[in-house]
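Two complexes, one shared chain (subunit A), two partners (subunit B, subunit C).
Up next is the complex of A and B:
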């Protein structure tokens, strides 16, 4: 479904991503782990159309998307939940969700989706008229995910959904992501919470200094010596 | 439970404004009202792109000046009716806004603001050189009586024309904030990257709204030149106008519909008072005191008058249309 073929990215002189190749299959849950500055967010933003490539190809459903603007990529069915949650804090929860849904033209469909999403996240249904900035951190993350789902993506990319959340909430968020995956949406997750993401991902890549240094099944990597030493401190 | 539907406070506000010109036929009073309406109109147009969309333009005088020159020159040199001239001014405003927008909307925040100033200044210089060849730098708009030439002996006609302009801008702003474009615009203003990641073509949204804003401002420029009957590049392309459009909206409340009107209603009379009365005694003191008052207002009520009102009563003049349950 997503096919990244040896992409290179530079921030002026700095070589941030070096020949990175990643594949995500239909309905697959793939995670990328790595420390700070490994290039995880850059990778995600380049797929989303926010950062230009120096070389390489990104294919989504066999179409090259590396030169397509960000807003059109969403229309193709590839949605992104970015790192800083970036919900619209001054708008109501419902308006936030609607903004996510307007990629679709059919208004009755948007209405149905709105109901579906609120069923999936009951807390958002309860608070639909509240200003989004008043939600708790976990609720804001749920809103960001729900809003991305309003576009009915075929694949969802998430940038550190655990960031700044309490462990109990993190578990809830990951459970939700897993459910979304089970409903048929491919997941591409970039995460610092290595233990959590490796235990639910089908496959994972380890990114270090802009290079993929390891690749394998999530549970396998969890038992890998290098991963245990470098990321889990065991 | 069914709520009793109150009439829209904005509508009541606009009706009250519409009655004001009937209260006195004194020339100075009507002149003041004309200016208040006109500047509220400009500020409203500015507020569309800079208040709701948070694309801070300090070059709106470019549209104003182009509008004034299109209407003024077509009438003074070619005898074309100012009504047609004003319409052409509006079209000129749209074209100009698209040109400026194409060039500058890839820039963010301060760089965008600075580049809009540069565009306006470039236009001022261009028009100055263009007009140097003709007789004198300024252009006097000849007086010809009659509705057809937008010339009235009674001030109240101008006042009501300015009111109609304001009404149109308010209606447009209201319509936009209730529409998809409005939500996209707010989203773009709040977090452009996030809006793009939802599939919003933020560049297009900004261009559309900038064009609407430019259209209104240029139409107003056309009307302004028929009102003052004299145009000159250094006057109608003066950055003072850009700043005023912004300041009125900021003091009244950026990103609100009523804000620019309140700002203009407060500051137009105030600046006239300081300029003519106190400034009459000793010129620098007039501007100085006006400046001090602006600083005090912005320091103590950063959200503007609308913020003050919304603190007093959350129910009136809501910034965002919160949909009912």
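Up next is the complex of A and C:
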């Protein structure tokens, strides 16, 4: 589904991503772990069409997307939930969700999707006329995910959905992501919460200083000595 | 007391037209984040457009809107693609200098094309006055105010209850967030510029029914619109409307009780006082920088 072939990215002189290659299969849940400044967010932004590549290719469903503008990538079925959440805080929850369905052409479909998403996230249904900026951090994260689902993506990329949330809420968010994956959407997750993301991902990549240093099944990496020492502090 | 009521009425009538004028600026500034110092000159062009179309076709200036409004919508898209788009990520100084340049092009273009004479138009109701409850209100002001009010309502319905309107609000709040849900932001920016100039077209038409136009009238109108937008609070459309009424009220009051030449001085004075108390404008929210 997603095929990243040895991409390189520079911020002026700084080499941020070095020959990174990653594959995400149909319906797969793949996660990328790594510390601060490892290049995780840069990776997502480059796939989403926000950062130009120096070299390499990104293919989505066998089509090269590295030169395609961000909005067209969403139309192709690849959606993103960014780390800054980037919901529209001055607008109502309902308006946020309706905007999420921007790429849908059919209005009855948007209505159906809106109901489906509100069933999935009952709290958003309850607060549909509230201003999004007044929601709690966890609710805002749910809204960001729900908004992305309104586009009916084939694959969803998430940047640190656990950021700034209480442990109980983090568990809820991950449970939701898992459910989305089970419904048939491929997941590409970038996370600092290593334990959580490795225990639910099918496969994972370890990104260090802009390079993929390790790759394997989620559970396997969880038992890997290097991973345990560097990321779990065990 | 009776004169006072008369002045309040005049202030409100002027205020609605000012509001429409300033909303055009507010939308372009709020959505594109672009400082446009040629706004007044767009209004000047709309006034000429109104006068020439209605003289040429022998119709009422308001009828000319059938031609002028779509024309200005396209004008907005062309100006966006030709100039505004290149200025989006430019520093503010560049935006100011570039749009000042555009303003000069429009002014001197108008001087070449229409000469520096004052031009005005007379309508069937130009000299008509409504006498009601002891007050005298002239019809051109009544009509312009009604038309402006209708357009403001349409504008709000458009922004809050349509798909494109929602997208305009979304893009103005979060450019990246909008791109992430598949919105082509350049298309929305172009439409916003077009909508802004539709407001300009209608306010230019309304203004042309009671004011004469000359190539440099834009300098004054530009200043007026900026004062209104900043006073009301940047990014707040309601604020823009309130700001417009405050300024219009100041103008008529000072003009009557003191001296007409003092009006500009007066609204700048009020402008400074309000900004000292509320630095982000009457309806402005404190900007949070990430």
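What we mean here is this: the second predicted complex is superposed on the first by the 234 of 234 C-alpha atoms of A that agree within 3 Å, B and C clash if a C-alpha of one lies under 4 Å from a C-alpha of the other, contacts with A are read in each partner's own complex, and residues count from 1 in each chain.
The rule is short, and it goes like this: a residue touches a chain if its C-beta (ideal position, glycine included) is under 8 Å from a C-beta of that chain, and two chains touch if they have at least 3 such contacts.
Remember, it's a predicted structure, so these values are computed and weren't measured experimentally.
Once subunit A is used to superpose the two complexes, subunit B occupies space that clashes with subunit C. By the touch criterion stated above, A:82 is placed in contact with subunit B and with subunit C alike.
Contacts of A:151 after superposition: both subunit B and subunit C are touched.
When the two structures are aligned on the shared chain, A:95 is found in touch with subunit B and with subunit C. In the superposition on chain A, A:69 contacts both subunit B and subunit C. When the two structures are aligned on the shared chain, A:10 is found in touch with neither subunit B nor subunit C.
When both complexes are overlaid on chain A, the residue A:129 reaches subunit B alone and has no touch with subunit C.
Subunit A residues 48-50, 69-72, 74-75, 79-80, 82, 86-91, 95, 98-100, 102-103, 147-148, 151 lie at the interface with subunit B in one structure and with subunit C in the other.
Those residues of subunit C lying in contact with subunit A across their complex are 163, 166-167, 169-170, 173-174, 176-185, 290. Residues of subunit B that touch subunit A in their complex: 180, 183-184, 186-187, 190-191, 193-202, 319-320, 322-325. Taken in their complex, subunit A has these residues touching subunit B: 48-50, 69-72, 74-75, 79-80, 82, 86-92, 94-95, 98-100, 102-103, 128-129, 147-148, 151.
Contacts from subunit A toward subunit C in the complex involve residues 48-50, 69-72, 74-75, 79-82, 84, 86-91, 95, 98-100, 102-103, 147-148, 150-151.
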